[in-house]
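Look at the two complexes coming up: chain A is in both, with chain B in one and chain C in the other.
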Partner chain A sequence: MAASQSYGPRPWTFYVLAALFALFVVFLYGPMIAVLVLSFQGPSASLVFPLREPSLLWFDELFNPRRVGDVVGAFNRSLPLAVMVMVLTVLISVTAGFAFRRRFKGSTAIFYMAIASLIVPGLVLSIGTLVTFRYLGLPAAWYSSALGSHLSWALPFGLLIMFAVLGRLDPSYEEAAHDLGATKWQTVKEVVVPIVFPGMIAVALFGFTLSYDEFPRSWLTVGSKNTLPLEIWTMTTNVTSPALYALGTVTTVISFIVIVAALSSIAVIQRKRSGRT
Partner chain B sequence: MTPAPTANRSLLPTYLQVAPLTLVLVFFFAVPVVLVVIVSFLKYQMLVGIVAQFTLKNYADLLFNPTTWTLYLSTIKFTLIVLVITFVLGFWIAYFLVFHVRNLLTAIGLFLLCTIPFWTSNIIRMISWRPVLGREGLINSGLMKAGLIDQPIDWLLFSDFSVVVAYVHLFTLFMIVPIFNSMARIDKSLLEAAVDAGATRWGVVWNVVLPLSKTGIALGTLFVVTLVMGDFFVVTVMSGGLSGSATSGIFNDLQFLNYPRAAANAVILLIIVLLIAAAIFRLVDVRKELVR
Partner chain C sequence: MNSIENPGDIRLVNLTKKFGASYAVENINLTIPHGSYCCLLGPSGCGKTTILRMIAGHETPTSGEIHIGGEMMVGKPPVERGTAMMFQSYALFPHLSILDNVAFYLKMRGVGKDERRQKAEEMLRRVQLISLKDRMPAQLSGGQQQRVALARSLITNPKVLLLDEPLSALDEFLRLKMRGELKSLQNELGITFVHVTHTQPEAIALANMVVVMDTGRIDQADTASIIFNRPKTPYVARFMGGQNVLTGTVEGSKAGRIRLKDARGAIFEAAAGDSTPAPGSPMSFAVRRDRIKLRKSGKGKAAANEIAGVVEATEYQGSYVKVTVDLGGGVFVANLPDGDYFADPVDKGDGVIASWNTADVNILTIVDTGAAGDPYVNAGH
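Now for the complex of A and B:
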């Protein structure tokens, strides 16, 4: 116990828990790796191992709209949508995070509304958003109703991250900048943003991925054209070929590019900062 | 919450800062939920759709239909099983990362390793169990090759088992992160003090770590319970349509465009979820823990 302080020999619980952790990681990644490998399945079209005659056949198939639905179109909607949600989530949750540093009337109500928005079942909200748009006579579409329902899910996450980030931003830094003669804008640019920036990247990562992968909240709100997760959902019932796995591989690779870009830029910033001080 | 530098300036900028968030939440959360509640009390007529006439029939239909009860019971069963498994896993994994991994960078790296799948597609992660659990999947073929079984095990995929596996796969992270967060704030000297005072290793976990991780456990429970209760898609894909969930009824009604009854069912689900959330918020002051 408290081994981290005393640095004695590791207790036996360390090895038990390390084994548990390793098993958990295998459990997390194993199936994903299986899909990754099987997406290179050859023309045998077998959905299970072994991998026979590895090929890129199913990736080719994927982008051939006559065979498997409108995958390209779904990408062309999902990516812009995710980028829009990402930008709006960063802008809105960062500004709102700053508002919550002060006490104001209604802050409790807004806070609980955000939490409720987080825990309300996505399907319920999907129905509600569709009914709202019907009632207003507006057509449901990925860039309007789906954008809104994605935001109602991504913003609370962004807000919670901003709470954690701003909790570490000591107001005395801003006071010091002010006392040293910085203008308001200079204070924000030179003091606040550098401290908050890694948190903003984290918010962006959540905004992008939550929207890009969101299913329940998209389900009724995208209108007549599917986003990617809905396209995959349709494919799970229609397509019985490794094309489904190929699509899984492509979407996962895109997610990974975004994750790596976000995490490595946070790491670079942190390293630069620790190098300077 | 931290007071602003000059506490006496006007609140107008603050309200402007919080306005976009409030607008989005009102239009895409509050209004939709209110409309769902209103529609749930309206009449449904075949071929016509929603008729603007007050009725309690939608609720009566649901409450006197044994299927509703079966579906809700099945959902509660899944929720409890998944809650126990994710809690045990989440608690010990967070404990391992916080108290056993000595190097902070290693701990952060391992923590990210658990987090990364969260940022990838849930549907793909569900589908990825097919080549593992299926009749000709990795587990069955492995066991057959090892000579442990003659026949493939049928209940691995498209069963309650695979539903639970997928839930645990998708949602354990929602336990790990808040519990990790709570544990990371525990002053390590408290544990040493407990040991010095003669506490056993188990006693330290039970009497010091567990109570101090209360908030994280509460938040994790909130996430897991609401995610499982509100799920339709995991249970459908992973049970192959064999098991239902509370939301299956909603799905069926929507396919027949019976919005009022779907809405009534959604309201019932919402009430249950909010009651659970309220109970958790009563136990722990989540806001105090988050905004500080």
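Now for the complex of A and C:
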């Protein structure tokens, strides 16, 4: 659009920026594509290019483990953990967002306290959580200590998103609902939640993905059984087969599916509202 | 309380709203009779919207009373007040179709789906939007959105319709069209409309009661023609526009006429009202711009109700020419009919004498404190 209006050749800065962007894309997707391709490695079990006799051997290895660790078990912990973090992040962020809409005493202090957990190093938080659980005599487990430390990471993001979403919500929607006889609860259910629903999906997406691939905050908090990122890390140290790549491919695909599902549902809602059905 | 009041009567008693330490609305007393079209008029920040929101129940007064139809309403939710509010942004729910927006009130009351849709369709038919019932608000033009907002408010069967700057989001053409529609709708429904605006022509065209506000207080509440022709205060005169405000010192009065003299030595005469002001006291008055005659100076000396100055600017306005005259400290405006102006045109730099009839002098109840801090002193209309 803009290019058609400009005259003469592009300035040299265009080529510099284009080259930079190309490099960025290569660094971003290159490794992912390399892992994806190598996960189809044949029985030669070579960890490097070239790809010989492409097969699904290592995917099979993943789900019917002989040599690799407990990938399926790790997935069966990571997925419910991510779902729990997602649900709690949405619930807490949305309700907190409502509370912060009407400024209450100490709201700023609470907000900064919540945001501060973003800058605490994850490994330090992991150690701290473990030490605290030990002191309290509680066993560390993925559904308790790891859930807490994951929330310390996902919640600030959820809060920030919800603040932005609710900050843009015109208060006259709520007043109009009140004017038309809606109770407080009806206003939330029939007006506010439907309007901010795309934002809630975004919060859910963050909650899920931040937990699903979290390593530092999981490190010491999951207890005796690993979550998926920890399992992958363990495998890098003692598994030397392309099953590692196959695992990388599978987890990436799952993340990808979650992201696409979230973004497309947001797009569908927005299309419906603008009337382009 | 004691008198029998009509359902759409609004009575505000000593109404005050404070935000922190500052008054948004300060001790307001106002009665709006049932079935009137009332415009709350004033610049932004004068408290007009706060009053509307307090009547609607979206803002709680700091003190004072709000009676609608003789019933004290403070503390009651909007639905119990019999009011409906139309928001400046219309606040149509973006996730609901036009039909469901209009049916929202009925849904909240637990009316069944078929019945509420049928009633909403009837309402949409009344505002001629039935063909758009399945559209989403984002697909509608500003004028259509406004009509949907009206339909959504009217389905509550209100006694009082509250409109917050309803025309400000529309372009000039639509604004005039919707202005006419609002007026005829009010005639047809016969309920009380309270309309907040900062636009003088809008208030004058619509209202049979204009309330002019200034920083939390009511300056004057009267019919449109009284507000326009007989403003009580310098503020109202300037805000409504079309007026010149002059101040002089009372020299004396005889034969029912007060004689004033201003700092420049000009003599003014005004018809004495009920009270006779003491000689030596200052007094301000207003004269409509379109009642001024101009002649070039040199043709006779300035007499009573004449003032000399130099033309500062002329502006052609179609049916009239706006001539701004510098009085040597103070600006004076004459709106001359185009025929009169072109018969003997004056130009920038010409010395002129402005004159008017004693009958056109409107004495103000407050002495003009001058230009300082008054943004409407030189507002041209």
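Here, the second predicted complex is superposed on the first by the 253 of 277 C-alpha atoms of A that agree within 3 Å, B and C clash if a C-alpha of one lies under 4 Å from a C-alpha of the other, contacts with A are read in each partner's own complex, and residues count from 1 in each chain.
What we mean here is this: a residue touches a chain if its C-beta (ideal position, glycine included) is under 8 Å from a C-beta of that chain, and two chains touch if they have at least 3 such contacts.
Predicted, not measured: the structure shown is a model, and the values here were computed from it.
In this superposed model built on chain A, chain B and chain C occupy separate space and fit side by side. By the touch criterion defined above, A:Ser274 lies against chain C but remains apart from chain B after alignment on the C-alpha atoms of chain A. Vertex at the C-alpha centre of chain A, arms toward the centres of chain B and chain C: the angle is 90 degrees, rounded to a multiple of 10. Contacts of A:Leu51 after superposition: neither chain B nor chain C is touched. Of the two partners chain B and chain C, more residues of chain A are touched by B. Of the two partner chains, chain C is the only one that A:Leu180 touches; chain B does not reach it. When both complexes are overlaid on chain A, the residue A:Leu17 reaches chain B alone and has no touch with chain C.
In the superposition on chain A, contact of A:Ile195 is made with chain C only, not with chain B.
Touch criterion not met for A:Val83: it reaches neither chain B nor chain C. By the touch criterion defined above, A:Thr236 reaches chain B but does not reach chain C.
Put simply, the nearest alpha carbons of chain B and chain C end up 6 Å apart when the two models share chain A.
For the contact definition in use here, the residues of chain A common to its chain B contact set and its chain C contact set are 170, 175, 178. Listed in rising order, the residues of chain B touching chain A in the complex are 1-5, 7, 11, 14-15, 17-18, 20-22, 24-33, 35-36, 39, 89, 92-93, 95-97, 99-102, 110, 112-114, 116-125, 127-132, 134, 136-138, 141, 169, 172, 188-189, 191-192, 194-195, 201, 204, 222-223, 226, 229-233, 237, 247, 250-251, 254, 259, 262-263, 266, 269-270, 273-274, 277, 286-287, 290-292.
Taken in their complex, chain A has these residues touching chain C: 170, 172-173, 175-183, 186, 190-191, 194-195, 197, 269, 272-275.
Within the complex formed with chain B, the chain A residues making contact are 1-7, 10-11, 13-14, 17-18, 20-21, 24-25, 27-32, 34-35, 38, 47-49, 91-93, 95-96, 98-105, 107-108, 110-117, 119-125, 127-129, 131-132, 135, 148-149, 151-152, 155, 159-160, 163-164, 166-167, 169-171, 174-175, 178, 205-206, 209, 212-213, 215-216, 220, 228-229, 232-233, 236, 244-245, 247-248, 251-252, 255-256, 258-259, 263.
The touching residues of chain C, counted against chain A in their complex, run 56-58, 77-79, 83-85, 87-89, 91, 93-96, 104-105, 107-109, 135-136, 138-139, 152-153, 156.
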